[in-house]
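Okay, structure first, notes after.
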Amino acid sequence: MSTKAKEILTLALIVVFCLVFYIRKVSGGEGIIFSPLVSWLVIAAMIISLLWVLVLTIKGRLISRRVVFVYVGIALALPLFMPFSQKIPISPEVQALYDSVKTLKPGSKVLISFDYDPPSAPELQPMAESFIRLCFERDLKVIIMGLWPQGPQQANMALEKVLSDDKMKAKNLKYGEDYVNLGFQTGNEFVIQRMGTSFESMFPTDYRGTSYDSLPLVRNVKNFSNIEYSFNLSAGFPGSVEWVQIAVDRYGVQLGLGNTAVQAPQMYTYLNAGQVTGILGGMNGGAEFESLCHYKGKATKYMLSQSFSHMIVIAFIIIGNVAYFLSGRKSALKKK
Amino acid sequence: MRREIPLIITGVVGVGFLIQYFIPHAPFSYMSDWFSDWFSIVGACAIVLGALNLLKISAQKAIKRKKDWVYSLVIIASFLLIVIVGLLEGKDFRVAGTNFDWLYNYMYIPLSATMFAILAFFVASASYRAFRARNFEATLLLVAAFFVMLGRVPVGDVISNFMPEGWRLSNLASWVMNYPQSAGQRAIMIGIGLGIVSTSLRVILGIERSHIGGGK
Amino acid sequence: MIRLPANLDRKACAAFFVALFSLFLLVPGARSQDAAAVVDSIIQAVNPDSLPPELYPQAVTNVEVKDTPNDAGKSISISWEKSVDDYENGKVKVYRIYRSEIVDGQPSEYKEVGDIPAGLDEYSFQDGNTVDGLEYSYKVMAVNYLRENNITAWEAVSVTVPLGPIKSSAQWFDWRRINAFIGVILLSFFIVYYIQQAKSGKDLFIRKIAGMEAVDEAVGRATEMGKKIFYVPGLSDMDNMQTIASINILGRVAELSATYETYIDVPVCRSMVMITAKEVVKEAYSKAGRPDAFQEDQVHYLTDDQFGYAAGIDGMVVREKPATIFYMGTFYAESLILAETGNSIGAIQIAGTAMPSQLPFFVAACDYTLIGEELFAASAYLSKEPKLIGSVKGQDVGKGIMLAAIVIGIILETFNIWHFSRIFSVID
């Protein structure tokens, strides 16, 4: 079969696969879950095919990057249908953030900054939901804002999800008294700077257009000194770095971070310096936090896909190094 | 004077901003707020220039039937669609249920998410191509990468369950992230900070002039 | 403002005023701003007869009010020691802070300006809403209450005597930043010193930067293949130093491209970057003696959106297959998407960014990468101008000082001496 034909066949299979699931979802069918036997057969098939790729590599037939893409796609998609769950070990930085929230007394005001947009939502939205849920469970007051235009919208989606829970409905939480969404403000790090003196100057009205003064929760919140804890969900600029440099260093705010997996490594320097109380890094951090909150959210559900994809990447790194060493030996033999 | 005036403005504003960081008294305390407001205003006005430039180039390509002119038509059509729909919705264009909101939720978000998702595939292909144990340092990097990749997912602890507490892959991954990785990040960030100070000083003193058209 | 519920009877009111009057007779020094607060419990209840005295918390002590230091004014700081009843499940639930303006020596009505839930070890509150020059007085109230379903059943409070008068004012120097001030002076001194050294003709060594050594080769390759050069200046606007560094490098690369008569395409993400880059490229073509070869469309705007920009550049790269691609500036998640696409068409790629999170992606996918400060030094490297090289040298001296400080700090902290490292932190 020619390369073009293989490509067309693969594309056609993917399209059919997606159509089947879409039609099933639209027609109200139940979600597809593989049985454990089928799941193990799928895993075995993947391992055998990877071994076959290794054999081909040893024989000198290098695979193209498209094959790598197909394997990654399968490793991400198929675990979603498997019935397995994993025990999630808790890392110290996530535990530290959870513990710092636990020390807050009921009635404490928590500022949550939503500094991300929809592309980063798969990683950060589960963290946002579980953090808000924890705040409401512990009777903390939540003040939401955003330095990214789509941040407050993401916040509303998180609030809607959390408040639809029966446990939360029983708490009878009121907008304006228990939580508030101040909306987005342009100005990047200057917004944080000005919030150090006056929140109201940056958010004269909330997301809905209600004046700041008329909201009972924030009426007496002048600046950071009236906030007991801050949590920043960040995917880039402006984000965690600016919050640390301005809110923590200049105004002494107690800050916890939720970052994408790419950004998280940079934040460990602030954690070790004691400038932040904890970090939730990537979907893994979100899953660990959900585990601490005893809640099975999307981050926990997707960890199996992440495990599979990491192992696929490791497998291909090994295959690539095998190819490299073999080609090195061949050229050394040729020279002799 | 074409070069002198920008240099003088750069120097005065640069020194002013440097001073205002250390002097909280008015009017220095208002400087950063004023300039950030004006920067936002100028930036917002400048967006129009960019948008007009995009439309102009796309229109020229489409009219003259240059190579790949069809994509220029797509740009123009998408641009006009979003602008017209947004204008027709009025000031509540971002409220849930509007046509603009539909375009945002069902076109913009999936497209952005797709581009971001491509990263997962490219990480795999870049790792497959670039991670080679060429020498000792590269091997060390590879081993650390294995620890972190396995330690950051639950399956790492399943694999290393036989190891004593504190020596499992998740603990090793945490150690790598907290110590060697942090040390490297700090070193790079210190260097970057010094580089920014040096470049800023060159710009303020007028030694670096390329960004205003170069020349002596 | 002192809370008095509407249904409080006359006896309770009388008792309250007698207590307050006695307080002022017995404690003449209570108005001094640094004096310790004197305890006074005020009867406060929905029904004073039904609220037992043991529900009233002890008041706070050692209340201090002062003008917030190192600020632009309009702020007064209040701190206090917690009430003895402030402990786990203790009587104190929250502290409320009240403020009154003193006009003609008389305090006006007290109004609540903030509250802090109990349970902390230390308490301080910053009232950021004062008017400089106006006198204020403050009270701190320790509150015990019972609340069910967001409805308050009863409240019992203790309040301090008024503390003041106090005025807020702005300061002329922020002493918390004295260490940064000294650092800036020191670093600037070294940079200016070495610039002067360079101006006086002294030969200053600067090590090779592999990415910049390869610029000639990269541009030459594009010329030989008859293909374009792409220059991507990153996602940030002109207020970011990385973008300025990128534009500086663009000037040099554009001059080289103009000399070799190779087309350089500069897709940008921000309108102001487009305006600046256009001027820079035009000037570069003039310097190379080829002003007629410059085309307005060489520098063009794509979109402000991160992934829209990445998609646009990817499309252009795949269709037009440039021989050389430069990525210089601020990049985020799209860095690997761009670099891998460029790699897939076989282009020679030179990247430079000061984003630590994106460096690994560029190192993995590009042929040459300028890491962090190399991006800022690149302009000096390419131009070989003595003044620019002098500034890089001065920057290196600053780095040497930081290195020495780190080594000294590690040694001292190993022996539990923390004073040295505190010099580098934000001073309270």
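Order as written gives the chain letters A, B and C; numbering starts at 1 within each chain.
By our rule, contacts are C-beta pairs under 8 Å (C-beta built on N, C-alpha and C of every residue); 3 or more make two chains touch, one makes a residue touch a chain.
Note that the structure is a prediction, hence the values are computed from the model and not measured.
Participant: Count the C-beta contact pairs for A-B and for A-C, then tell me which is higher.
Facilitator: A-B
Participant: Compare the CA centroid of chain C with every other chain's and tell me the farthest one.
Facilitator: A
Participant: Between chain B and chain C, what is the separation of their C-alpha centroids in Å?
Facilitator: Centre-to-centre distance between chain B and chain C: 17 Å.
Participant: In angstrom, rounded to a whole number, how far apart do the mean CA points of chain A and chain B lie?
Facilitator: Roughly 18 Å separates the two chain centres.
Participant: With centres defined as the mean C-alpha position, give me the chain A-chain C separation in Å.
Facilitator: 24
Participant: Mind pulling the chain B residues that touch 2 or more other chains?
Facilitator: If we look for residues of chain B contacting two or more partner chains, we find 112, 115-116, 123, 125, 127, 129, 131, 185, 189.
Participant: Got the chain C residues that touch at least 2 other chains?
Facilitator: Each of 71-72, 306-307, 333, 356 in chain C touches at least two other chains.
Participant: Specify, in ascending order, the residues of chain A that touch 2 or more different other chains.
Facilitator: As it turns out, chain A has residues touching two or more other chains at 65, 119, 265-266.
Participant: What residues on chain B touch chain C, complex-wise?
Facilitator: The contact residues of chain B facing chain C are 18, 21-26, 29, 39, 42-43, 46-51, 53-54, 57, 60, 67-68, 71, 111-112, 115-116, 118-119, 122-123, 125-127, 129-131, 185, 188-192, 194-203, 205, 207-208, 210-215.
Participant: So in the complex, which bits of chain B are touching chain A?
Facilitator: 32-33, 36-37, 40, 94, 108-109, 112-113, 115-116, 120-121, 123-125, 127-129, 131-134, 142, 145-146, 149-150, 152-155, 157-158, 168, 170, 174, 177-178, 181-182, 185-186, 189
Participant: In the complex, go through chain C and note every residue touching chain B.
Facilitator: 70-73, 170-174, 177, 180-181, 184, 187-188, 191-192, 195, 237-239, 241, 244-245, 247-248, 250-252, 268, 270-272, 274-276, 279-280, 282-284, 287, 297, 300-308, 310-311, 315, 319, 333-334, 336-337, 339-340, 343, 354, 356, 359, 361, 364-365, 371-373, 375-377, 379, 387-388, 391-392, 394-395, 398-399, 402
Participant: Considering only the defined contacts, which chain A positions touch chain C in the complex?
Facilitator: Chain A residues touching chain C: 65, 104-108, 119, 172, 174, 177, 197-198, 220-223, 225-226, 228, 235-237, 249-250, 252, 260, 262-263, 265-266.
Participant: In the complex of these two chains, what residues of chain A are touching chain B?
Facilitator: Result: residues 65, 68-69, 71-73, 76, 86-89, 91-93, 117-122, 153, 186-188, 190, 193-194, 261, 265-266, 268-269, 271-272, 282, 284, 303, 306-307, 309-314, 316-317, 319-321, 324-325 of chain A touch chain B.
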